[in-house]
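Order of writing sets the labels: A, B, C and D. Residues in every chain begin at 1.
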């Protein structure tokens, strides 16, 4: 018979273990939920510094008010209040390329630029050698522009002069000794992109989150999972708020009453 | 024009606020993710004791290995690896009445029994008056049995002698000064049910979680939301594990190769 | 080894069968999609008359413009255009008790009233004995009112004088010889409810659909599945329209720009 | 105030229209559900020949037994039987790149090869000029092989000698006068690929469906939507079967009892 390997939860009559730990005695009451989430993703326990950076990312990405995903969750709750798992799921399903994908895109983009720089230059620069990081950033941004693509993590529709999460997360990562090459390159992109793109754009919070998570060793394919967990907290906040101060019906009526019929195929 | 009230995320060009706090400076790096989740659900900041109990619940419910929801998430990842939000959502959609609903059911059941006891007796007993709690528990369990219903939170398919999470969570709640009437009644049910039901059943982890959350002041309708957040962390753990040590294809083949055709309608 | 029985799809190297039929030769090109859907639900092939009633129901429930579910699907497509399965799923998740549940509720309500009438009276009336149906309807509506509950299928926010789908579906069912006791009772409710409730309400399309499906022999627990299939077609229509004439971003901005911050917990 | 244009459902107190038609009088009882689905996707009414091809595609893709998506839907139903919309949604969420994406991939691949051929050769060949189609097919397959990519629609894990849906769907399309350039090129790929790839592979049913839908004028970005609708019917069939002859619990136990613990990070 096929067996199905896992390092996550197992149990027998007397005990429950999770990640090889005794769930009741080694985890409950002893680690934070964010710490456990990091551990589940990477199968290694984070240091307290790593956990602090990771939780700061989760908090920075948890909610941004009436995003399309939050609205979708509230409308689903309106239609099916008996199944709030459906409302949370509907909200998470917006976690795709456009609104929630920047974190993954930034992590991947920075990782590729670092891999190439390491190959071309033999090694990465010292972490504080700003001039060397600027040179790498310049190559990466130029290549993006030449390919007609946006630089992931650059620009924000609201925070045109600067996203307040960016310096804050960089500061926390520095404090905890986790300011690594991804953040160094991301900061350098912030310094040099104007000379290539001709205008100044802010380094956004989704992008800096991708850089910080990559510096914690999370592979690019797990960054979206992190964002989804962060957003899950925000979505249950929206659903809880919808329960006592509803807006979804009023959103629905606003749309429905302003519907305008157009002949098909036009 | 209709306006849409919210106390969650808002932003302007310079700042982002969440729950009336400055997201970058007051929340990131200063509160834990679990703390923020409690805050989002209840719109009030938990004390550190409340946060510890709440995070212990989240950790206790995060993962139980190859549950139906974890398997569903892995199979969905197998089919659509480019859209992991779908795999997380598919897993959460199992968060319904049967496997994840016990926490909510227990919270609601205990709450109703307490409300009735307060009405009948004029007030609830002192928290350590075990005999008085036993009397309330006896009434509640008897009524369940007479109605042919299960007592939510009682019994477990694996932990037949005792779920290790139960004493642990009660201990944490006592340590933090949050052992309240729901937990007191739940413990009493553990003591008295055998005299009514004729057999001893363990108080399970999902049930004690409902009691503990209710003692933190969370209303019954938010308990399932808490479980969904806990489970979200477990699901991303499963998806991360599936990425590097896959089992979903092997699960699929195990089922498909053992399919047995039966004539329709039989 | 456990085996897993099914009457649905199976295949070997040369052939594919579905419901015991040769998929390629007996089904493709020979039955309609609606016919197959009925067959999948009930594991029996519908007659052409049953198929016509069933498809009329699917068509009547497919779309109602900017419903909460359609808006949720469009917002999800906006956020994750690379994963349209997520947008369809998000839309279906609104298929719960409030907006899409009426069909199931009506089928169940009528079925229970018929079961009770058959028990009380020994048998059901002749299908055209309007006075006898009126008597049953009167009992059922009165009991609803006394219990403080709504009669499922009665009332509509827009079609206050009459839902045009109701007489049409009844007409189709009569034409095809499938006007049975559920529709007879539903029509009777339309005649008698005013004397109990003191006001005239229209028999709505969701309710008549439940009655018609029940008269085709579909059990109450499959009625919501039928509505979900109908709605799936409407949702892919909305997503297709969103691709070439988008409105979701404009819905999002309408909400976001009219957000009004309220202090937490108020 | 912003208005929200749509050509789908609208209604007023007396009437309901859909796609500019009177829903009750022009659609219910007069068009088939498959016909309406095509109409919703394309905003034009299909001819009866187009509808027959489209419904044959829907039927060919509706169900393949215990696929990962069907198993995910059944496991979700097991966990949350009170919310079958969640079970259907969970099943659809597997409609991504790997198992359900072939139809879209094939349509897109064929469309690109045709666009290039039209540009290179000035025009497409006559529909029955097999030699000319073979030449285009040879170029397209060679380019795939040189890029190290699979040819979408070629190969099948079970139907190694031939997928019975392929000749059947081609036959239906020919009968109805909808055998166009996508199908001609797809057939040619079936004839020539062995000379390039060195082995014979069958043209599969998902691929031929993409070709047939593209010949009906459906753009590539709507092909996955069509597959999702087809699969929705299969999924409700699985859920209906699960209700009366359950297998999900037995699948769950098969996996859980054969779980094998592995130390984390290995």
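Structure notes:
Quick note on the criterion: contacts are C-beta pairs under 8 Å (C-beta built on N, C-alpha and C of every residue); 3 or more make two chains touch, one makes a residue touch a chain.
Just so it is clear, the structure is predicted and the values come from calculations on it, not from any experiment.
Farthest from chain D, judged by the mean position of CA atoms in each chain, is B.
Ranking B-C and B-D by contacting C-beta pairs places B-D first.
Annotation: 39 Å between the Cα-based centres of chain B and chain D. Centre-to-centre separation between chain B and chain C, using Cα means, comes to 33 Å. Among all residues of chain D, those that touch two or more other chains are 1-2, 4-7, 10, 42-43, 65-66, 80, 82-83, 85-86, 89-90, 93-96, 100, 245, 251, 254-255, 259, 262. Residues 2, 4-16, 18, 22-25, 27-29, 31-34, 36-37, 40-43, 52, 55-56, 58-60, 62-66, 70, 83-86, 88-90, 92-96, 100, 158-165, 167-169, 171-172, 175, 205, 221-222, 224-226, 228-230, 232-234, 236-241, 243, 245, 247, 250-251, 254 of chain B touch chain A in their complex.
By the touch criterion stated above, chain D contacts chain A in their complex at residues 1-7, 10, 17, 19-20, 42-44, 80, 82-83, 85-86, 89, 93, 255, 258-266.
Those residues of chain C that touch chain A in the shared complex are 1, 65-69, 71-72, 75-76, 78-83, 86-87, 89-90, 93-100, 245, 248, 251-252, 254-256, 259, 262.
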